[in-house]
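In the two complexes below, chain A is the common chain; its partner is chain B in one and chain C in the other.
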Partner chain A sequence: MASQKPLLSRAAKLAAAYALALIATAFFAFPVFWMASSSFKSELDISQYPPVWSFTPTFENYAKLASELDAFDAFVNSAVIVGLATTLAMVCGTMAAYALARFDVRGKEIIAFEVLSIRMLPPIVSVIPMFIIARALGIFDTYWLLAAAYGLAGLPFVVWVMRVFIQDIPQSIEEAAMIDGCSRFQTFWRVTLPLLLPGLAATMVIVFMFAWNEFLLASMLTSQNAKTLPVIAANAIKPKAIAWGLASAAGVVMSLPVVVLVLMMQRYLVRGLTLGAVKG
Partner chain B sequence: MAIQINNVYKRFGSLTVVNGVSVDIADGEFFVMLGPSGCGKTTTLRMVAGLETASEGQIFIDGRDMTHAEPRHRDIAMAFQDYGLYPNMTVFQNIEFPLKIRKLAPAERRRKVEETAGRLGISDYLGRKPAQMSGGQRQRVSLARALVRNPKVFLMDEPLSNLDAKLRAVMRTEIKKLVTDLGITTIYVTHDQIEAMSMADRIAVMRKGDMVQVAPPLQVYDRPTTCFVADFIGSPPMNLFKAELANSGRVVCQVQGFGDALDDAERERARAMADRHGHFAVGIRPEHLQCVAAGTPGSVEGIVELVEPLGQTTNIYLLSGDTKYVVVTDRTTLRAGDTIGVIAPGDKVRAVGLDR
Partner chain C sequence: MARSDTKTADKAQRPGEGRIAMLLLAPTMIVMTVVGLYPLLHSLYISLTNYNPTFGGGSSLVWFENYARAFSDPQFWNAVGLTLIFTAISVTASLVLAVALSVLFNQRHPGFVVLRTIILVPMLITPIAVGITWRVMMMPDLGVLNYLLGLIGIPPQLWASNASTALLSVILVDIWQWTPFMFLIVFAGISSLPKSPFEAAAIDGASPMRAFFSITLPMLKPVIVIATLLRIVDAFRTYDTVYIITRGGPDFSTDLVSVYLQRVNFRFFDLGYGSALSWLTLVIVLLVVLIFVRLTGFMKLVADKENR
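Let's look at the complex of A and B:
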């Protein structure tokens, strides 16, 4: 029965590891749970102390969100603006990254650094110039302004990250494709792009999340028509009190698209985020 | 299809990688470019493929000027050192890819892929991804992908370098047989002299961007034109002794006995290839030197420094005066410290030009 002991201790170690993992998960998931459950509570249930664990769920907060704060319009605004910005950043950024990774561009290291330097500017610095430019162009409080701002903000990130992903693809694969009869563009479309999907997914999620959650520019560069969700959600905090139910409902609505996106991209994400760690 | 490379240069900034290479490769020829790393052999190959653009000069494929054509318009196939397989596609899809790009009908594609896979012995792996295969199998897939569209020119860039020695020997004969049977003009780049010797119809030995000698393998072996070629081919390499043509027409050699062994024809060659100071080298292959008893008339006295038995042959390292050289013999009872005589047969001693 000598072999029984190490077996037992191994089982114990495994159990401990699982227990730790569960505790950690609970720790990080609890605020999310609290937000979600609060969004279904009535005003009365929310203000209970000690907190109540069983209550009659109500959609009151969501209804109020739509009627009082125009959340539906804001959701559409957010979706359009962030969708445009993410597409713009991903398409232009990936193409720029490809050029910087593969072509003999004169001074490309300087160009790459220059692209990144935009990120070094604190966003607040550019708010006032952007405001003035937007007024002059007549695009203040439109989709275009925020879409352009978010797209440009995401661009350097896309260029830098995608450049590394592209460099990780052996050049001989592309050369083989060109010899096999592809033009440069066909090579990119049929051979390189499929191999880049994990990287693209990971990068896209990050760019999307940044734009989706952005508050500073959104609050300063919109007034009525192009208001986005974060601005609306902030309105739940009123001068005299915080409307907890409303804020929670806004939080849930804001989180949902990100969650859905991550779930959709999950297949690629795990590979994308760990790519480069292990050579295939 | 014949290939002509006409005075081609490749420069990267101030660095000249290929320095005015000219060579005509005949239809169906197996042409090997051999040289150490950095000699410009791969760059020359890539210019024929269209993956690099020549800085100067022209490349003709089948009589047409292809110097600036895109790779896809050259009707060439290529095998890469790291295989260049598409990792996200199965073996079948990899081999099918060039046919798909050329928009062949699916049934026709399937037939060709299966036929080519059968020829290369990979029919059982068509459903696998490249990552699930060994190096040798991957190289077979890359060869199949190259051959599936019946190319007229096949370029190979060190295709066997990533394989172990045993597999390399097997693949070597297979590739040679395959392309010879199909009659494809092949340019093969390698740094391995055994590959070059065993496969080539002609070898081009390259050094620092120049093609130093272009000749059939045995001619390169028997009559190297420069010390670089003599030293690069053969293992152990050719023994080279510094020599000089005196004004009287006499040959003065580092080991005079070997210099005296030059026959009249080689003396003529020496006159042609010696530099302006009359310097050249006397070259003798280690297996052509004969060990005899010390003091034999016409022999050079040498002291045995080291004996290296290799089984099939034995390397004997000798010292004559302060000149070291090697003799390859059968098994021997000689031991370090022995004094022996060495004879160089007149018809085996070569005049070799110095490197420029």
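Let's look at the complex of A and C:
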């Protein structure tokens, strides 16, 4: 008899924990579910009130994405721009991070500070000069301009985070390889790089995510040829005739690559997102 | 000199490798100077001129006229005030929620891992898509939110279409979108806390509440401070969701700094004035960060980490 009460209260606590967890999950998941389900609704179903929960799914919104919004071109633009930017940031950034982590560089603290303050810079500050310079150079509305802008935005982040990841690898491992006759480059290529791969992948995914989702610079530095996915999705919203199904479909197409990639790299995400300050 | 000698020792830099270091750093320095520093200085220069491409593109130096104009621009200070309120409420609420969620999910019952992963998804959704989705859901006449409220007996709301609730509505969206980010970080912090202080407290008869406020929170402080700082900086530049949901309206009730700046720059093409405003914004962000860093002893936390 004596053990019954604690058992009951433990069961109640467990039930409360599950209830709270489910409510929280519902709050965060519902809008995502609503976006996905709206994207499969016909124009008639989407303007029903009360909202319809069961309906015949249709792919007409996705078909319209390609025919009305040029989503395919925008997808290619996004992929090329983000690909170029991520490559630029990762290659330059990892080289610099290695130098900062392993060599005695003069003015290192200043470089590190400069790197961090670019992370703090609101993009709205640099958008005007970029706009003016791009016009003057004739690179407005090209891949190169946005790729350079995103590469720059990602670069300080890569330097900062990769420095932490490189510092995590014991110096003695590299020394052992070099005593065995490897050059500095061979050591990096054969010993350090394989150990760095998880960190590199996590950092790359975060840089990819920020560039892929970016809208402010993309909307102001493009007009016709280099429009990215967020820009065409925003174009689906016009003051009068708003195509909600179409816009939702654009949202799904945009978000899916990031969700899949990042959830794959979940384990290393915390380290990267906190600039290496918190271990996941 | 002695200090730098000890540093050299643990870097294991070999003689003649100084040049390699410079070579490795060069691309980053070049990119940062050409694409980062130069536009910044250029923007400082533009802020001292009356440059406006719609008037033929000529410009002349007006020195600090733009800055003087900014100080007596009620629209700008309205935007700054709204942004501060937006940032304060959104960051505080998402921090409290994130800590609560982390404590809850740290109980690690079966199935919690899956729920935890689902909760992360909002931070990965493209902000433009977040704006679209919430705008659909918040439609006063057709939106699903009013329908759901009706089910539990709450009268329909105007959400973002009413000047008195619009700011709270976009704050709600921001909390929804970024609590997962805080949660991810705080949860990582909570799950790496050592077990022994909690066992000791349990033996001494401390209640779970007491253990939370006396052990968990103080030990989590570094993690919370870092997550909050990153969040403040990002909340201050919020643009995408507000642009989609309200465009600063109704009646300028959600006219955040970035939305107002976008209007000055790319609707009126008042680029000289716009540059001055962005520099003022930059200074305000730095001030906020500085105050935060002072209040929380952030630098000391970082220094402790470096010396561990």
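Just so it is clear, the second predicted complex is superposed on the first by the 233 of 280 C-alpha atoms of A that agree within 3 Å, B and C clash if a C-alpha of one lies under 4 Å from a C-alpha of the other, contacts with A are read in each partner's own complex, and residues count from 1 in each chain.
One rule holds for everything that comes next: contacts are C-beta pairs under 8 Å (C-beta built on N, C-alpha and C of every residue); 3 or more make two chains touch, one makes a residue touch a chain.
Here the structure is a predicted model, which is why all the values come from computation and not from measurement.
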Give one of first, second, both or neither to describe whether A:186 is in contact with chain B, with chain C, with both, or with none. first
I'd like to know which partner A:49 touches here: chain B for first, chain C for second, both or neither. second
Which partner does A:195 reach: the first (chain B), the second (chain C), both, or neither? first
Classify the contacts of A:175 with the two partner chains as first (chain B alone), second (chain C alone), both, or neither. both
More chain A residues in contact [chain B versus chain C]: C
Following superposition on chain A, which residues of chain A contact chain B and also contact chain C? 175, 178, 280
Looking at the complex, which residues from chain A come into contact with chain B? 170, 172-173, 175-183, 186, 190-191, 194-195, 280
Note: in the complex, chain B contacts chain A through residues 49-51, 70-72, 76-78, 80-88, 97-98, 101-102, 131, 142, 145
Can you list the residues on chain C that touch chain A in the complex? 4, 7-8, 10-14, 17-18, 20-22, 24-25, 27-29, 31-32, 35-36, 38-40, 42-43, 46, 101, 104-105, 107, 109, 112, 115, 117-122, 124-130, 132-137, 141-142, 144, 147, 176, 179-181, 184-185, 188-189, 192, 222-223, 226-227, 230, 233, 236-237, 239-240, 243-244, 257-258, 261-262, 265-266, 271, 274-275, 278-279, 281-282, 285-286, 289, 302, 305
Which of the residues in chain A come into contact with chain C in the complex? 14, 17-18, 20-22, 24-25, 27-29, 31-32, 34-35, 38, 47-51, 88, 91-93, 95-96, 98-100, 102-105, 111, 114-115, 118-133, 148-149, 151-152, 155-156, 159, 171, 174-175, 178, 184, 209, 212-213, 215-216, 220, 229-230, 233-234, 236-237, 244, 247-248, 250-252, 254-255, 258-259, 262-263, 266, 269-270, 273-275, 277-280
